[in-house]
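In what comes next, chain A is part of two complexes: it sits with chain B in the first one and with chain C in the second one.
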Partner chain A sequence: MQKLTRSFNASSRDLLFATLLVTPALAVLVSLSIYPLLYSIQIALQTDGPAGPTWSFANFSRLAGDNFFLAAMAHTFIYSAFALTFEFVLGFALALILNSTIRGQRVFRAAFLIPMMIPPVVVGVVWRLMLNPNFGAVNGVLRQLGINTEQLTWTASPRLALAAVIAVDVWQWTPFVFLVLLAGLQAIPQEPYEAARVDGSNAWQTFRHVTLPLLKPAILIVLLLRTMDLLRVFDQIFILTEGGPGFATETVSLYIYRAAFRFSDFGYAAAMSFVLLIITNLISAIYIRLLQSREGVA
Partner chain B sequence: MNGHVHTLLCPNNMNLTKPIVIIAVLLLLISGCRNNSKRQIRLAVNVGVEGEALKQAALDYEAQTGIHVNIAAFPYANLFEKEQLDFNARTGAYDLVMLDDPWFPRFAAKQFLADLTPLLQKRGQNQPDSDFVANSIALCRHPYQTGTLFALPYVGNSQLFFYRKDLFEKHKLPEPSKWDDVLSSAKKIQEAENAAGNKIYGYVMRAAQGNAAVADFMPIFWAFGGEMFDSNGRPTVNSREGVEALKFMLELGKVSPPGYASFNADEVGAHLLQGTAAMSINWPAWISPFDDPAKSKVIGKMAFTVLPGAQKPGQAEIGNWLIAIPKDSKNVDAAMDFLIWATSAEQMRLSAQRGNPPTRISIFKDAELISKYPAYPAQLHSLETSRPRPRTAQWNEIENAFGIFLSKANSGELTAEDAMNQANAEIDKIIQRQ
Partner chain C sequence: MSLKREVDQFANPPRWLFFSPTLEHYYEAFVIQSFVQYLITSAIVAVASTACALVLGTLAAYSLARFELPWNLDRKLSLWILSTRMFPAIVTAVPLFLMMRDLRLLDTRLSLIIVYTGFNLPFVVWMMRGFFVEVPRDLEEAALVDGDSRLGALWRVVLPLVAPGLAATAVFCLIVSWNEFLFALVLTQTDQAMTLPVGIAGRVTQYEIKWGIMSAAGAVAIIPILAFALVVQKYLVRGLSLGAVKG
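Here is the complex of A and B:
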């Protein structure tokens, strides 16, 4: 009996102690996540009038008529679609090649990971220098090869700038796709492959009916993470072109930054952020649905 | 077993007082850090040449008076953000702020800054003395020139025209005083030098969207008779004069290095220092690197003069750095003492020796300083005939939109007419929103 009371006391004391330990984390969560989220909803739904802030959807309706926002949205989609396609195809190909036992594969694997480890801002600065039309390494090499680089102004050309920033993203993030898919490939057990061999399936059939279905979780993860990252891209573009020339590489994140911190239009910036958030969520949901349903059919 | 774990996690001899005491001590320590010493003022400055002299002055002030000047230095864009956030939140984090003059109308209109006149009167002065350049003081008043004094000018920047006097002499060209001469001289220099195997461009400019393109366009725009707004405050950038000015800028672009539509100050500076461009509009801070053998291939070959004219006399864009006291500062008087000290003729002379372009006439005319900085007479002339960017609280938005279309025209995406028409429409939208 005495033992029971003691353990009861002890557990209530444990509970109190545990609560005390959790409180700081909870306070941080509320003050840094929940409160700012609610506050951003509030400012997105308020506009400054002569008699103080009034509640309205004005910030959201303004978006539809804002040519800059619509152009930035289009750039964001083009950027994301092209970068994702190239990163996925290249990363997948690399993973398949380096999953087989070729000579020096460990060196290749390590080398391919380097771009991913460089902070995006540094990547931006390095590529900005390399793409400089006059002093940059890229045009320097092309000139050595006898190519006329007079018109290849990269980040200064409205036709090439978006392609250039996409190429930099592909350079930096293909390794991530490669890494995740390689890990996925290596986690596939040997038995299904042996069974396929016994059944006499060729390389394509093995890939289509064994590798792909078993790799689906890794593919899902990598597409999801890359899409979310691409839709909110900011740092490299900010350093590389700051959205230029003109408006050619301005993405939604850059425009949100400008509205908030250069024009002090926090309500409008918050409204744009919510639109971007909703779009990101919708696209992510479509992905998950698509891949899950295919899995069901297979 | 269970008991064993329990003793490990919460030994019987430990009660709850211990963690509570630890937390309390931590809280005390944190609050202890907020000791509000009266002998301390906080100053927000720009990282880079413009802020450097003021930082040095702050250290001198501390040595002389014992008042600690706490310096927070931020890069250009961050400085605006920090100040704006601090003013909005009314935290009074800074007692003095350095600000670029186009930010001033916004801060003044929102009543973020302290009125300096009563503080001057308290010190026996009715207004800033007449040694300050009138155009610089005009920037510190809201409304422009006539209104309340909310700041004092510290960095007396205004644009100058930079050109290679050796190339002008070599090709027997007149000193550039008209924009048409600039273009024809640029073509001649580029053709002749390229024919001789030297890769030199006739001109170089900044046409990256935003501040850069607008700053390099305004002197051409004004010289051609363009005006951003009519008397009712409606935009008029797509006037005949405006379109002609932009067409002229595109002509200059043909003798500028490829890719100039994304150039900023660094790229322009690199071309001038490497000796691969013959002319440019630039700011006084870029004068001294030309004498630095580590950076410059054109030592002694550059000349600096006032901006060329066209239909109208040439006018530079003024770009002064001002110092103001936030209204929510808790040390307004200590801040004012520092501000008066730092902008006094004596201190400004010292900071001029450290490379800061002054805002006082007497410093520009100081013989000793002129021998060190031969461009001073041109700088003073430029400053005294300079023009400010339009004094509107929405200048950041307007400059952003205008700069995007200027950059689009320079990168070949839009014609001059289309760029100006679209810029006009976007600027009008910004004005209407207010």
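Here is the complex of A and C:
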């Protein structure tokens, strides 16, 4: 046993071997994530003047007065908050219900795989079709139920468009929350539940003091991953509404995309993407802090 | 939808089952329009970037799972690698576009392969690191005692043991690359390098949308994904949570 552990502690030859194995991957990651980040700092801070490039915070100070950017921020937060809440509540409820019934789980699993695996572009196309006010399936069904659908123009209506894109995200990603939480629930051993029963605690107390604490890592991971995905949402909205009608569903990612690739305003786009990066980093840092406060999950 | 004639598509009330099926949309999409080319590009890019990410990522993962580097570096590196995955894609899309422009790689398949390799790498490292940790060390010890080199032990003893995990990881990378949209949209401009999602999206934003063709292309984009998803069912939760939750 002594010999076994020693040979895996770093002798200098092993250290060399270990370093050789990691280096190519690190090189790729540095050139594809660190270097671009530094590069975009440079783009954001440089403005081309008549006398060559000058350094300034112009792009950043422009941000604060840009109402479109602030509106896109607001849309992104509303979108993320609502989608996250619905996905979590629905997914958690489903996981709790199905955890107690063993039958049918496999079927559910297979059925739930489908929405989140489909290319987001295809999801966007399919829902754009289904939500079409004239010949889409959603209004078609509503009409057959005798509901007047004249006001329900979904993605074409400023009031309904944001709700529609949120609904599509909930449709696509609730299964993910469900599957991760179900896996978390099934990993909880039976003993704490038996102990709780012996102590005579009711269903709510058991849930509150046994299930929730033991499920906390899985809950935090699912919230972390969903939050990061929601804050950077692009694909489905790009296809479903293109940010419209007007500006109603424009998110930060879409706004940055437009600034960079429609108006070639790379400096401003880089400045905005920095704000987005800082916000997502702060939020993920909070989640990771919460995760590590319990135990070393990683 | 992709099987319906246009008369039936716009029928009111909708015709769910009783319509006369047709394959004309598939014919138009894949024979007349350039969807065949998108399909080929998508396949090439997905396979090549997955292969690169797997090789680089698996080696790094093995190293991070097995060796204790000085100053806790193995742990710090792992976390840093994970954090690169958390970047919003649009943040790197702008500088990567400019970099590819400078390298004259815009509108090539190679640019997408490079970017997707970087995109999938953190995922491969995390997934494979988890699988390597689960392999008992005694087995490699035995191989080393028998005179195998470290690389030999990895190749002959450890890799066969993690093969199911490796396959699942590969499938996840294929799915991610296949579905990716933002970078493909930004880095390609013409039919020669467009992937299927960009090709589909390009048709949507036009004034008149050919729903039949769109649905045909969409159906073709979904089929390999469904086949793959069934293969990785067992590892699904683990993969989707970046290896954090073992389902």
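Observations on the model:
Just so we're on the same page, the second predicted complex is superposed on the first by the 256 of 298 C-alpha atoms of A that agree within 3 Å, B and C clash if a C-alpha of one lies under 4 Å from a C-alpha of the other, contacts with A are read in each partner's own complex, and residues count from 1 in each chain.
Everything below uses one rule, namely that a contact is a pair of C-beta atoms (placed from the backbone, for glycine too) under 8 Å apart; a residue touches a chain by one contact, two chains touch by 3 or more.
Remember, it's a predicted structure, so these values are computed and weren't measured experimentally.
By the touch criterion defined above, A:211 lies against neither chain B nor chain C after alignment on the C-alpha atoms of chain A.
Legend: residue contacts after superposition of the two complexes on their common chain; A:154 is shown touching chain B, with no touch to chain C.
In the superposition on chain A, contact of A:231 is made with chain C only, not with chain B.
Once the two complexes are overlaid on the shared chain, A:242 sits against chain B and chain C alike. Contacts of A:263 after superposition: chain B is touched, whereas chain C is not reached.
In the superposed pair of complexes, A:117 makes contact with chain C only, with no contact to chain B. By the document's definition of touching, neither partner reaches A:174: not chain B, not chain C. With both complexes superposed, C is the one of chain B and chain C in contact with more chain A residues. Contacts of A:17 after superposition on the shared chain: both chain B and chain C are touched. Shared interface residues of chain A, touching chain B in one complex and chain C in the other, are 10, 14, 17, 134-135, 242, 261. Taken in their complex, chain A has these residues touching chain C: 4, 7-10, 14-15, 17-19, 21-22, 24-26, 28-29, 31-33, 35-37, 39-40, 43, 109-110, 113-114, 116-122, 124-126, 128-129, 134-135, 137, 140-141, 143-144, 176, 179-180, 182-184, 187, 217-218, 221-222, 225, 228, 231-232, 234-235, 238-239, 242, 252-253, 256-257, 260-261, 266, 269-270, 273-274, 276-277, 280-281, 284, 297-298. Taken in their complex, chain C has these residues touching chain A: 1, 9-14, 56-57, 59-60, 62-64, 66-70, 75, 77-79, 81, 83-84, 86-99, 114-115, 117-119, 121-122, 125, 137-138, 141, 144, 150-151, 175, 178-179, 181-182, 185-186, 196-198, 200-201, 204-205, 211, 214-215, 218, 221-222, 225-226, 228-230, 233, 236-237, 240-242, 244-247. On chain B, the positions that touch chain A within their shared complex are 6, 9-10, 16, 19, 77, 80-81, 84, 88, 106, 207-210, 257-263, 267, 270-271, 276, 394, 396-397, 400-401, 404-405, 407-408, 410-414, 426. Within the complex formed with chain B, the residues of chain A that make contact are 10, 13-14, 16-17, 20, 67-68, 132-135, 150-151, 153-158, 161, 241-248, 258, 261-264.
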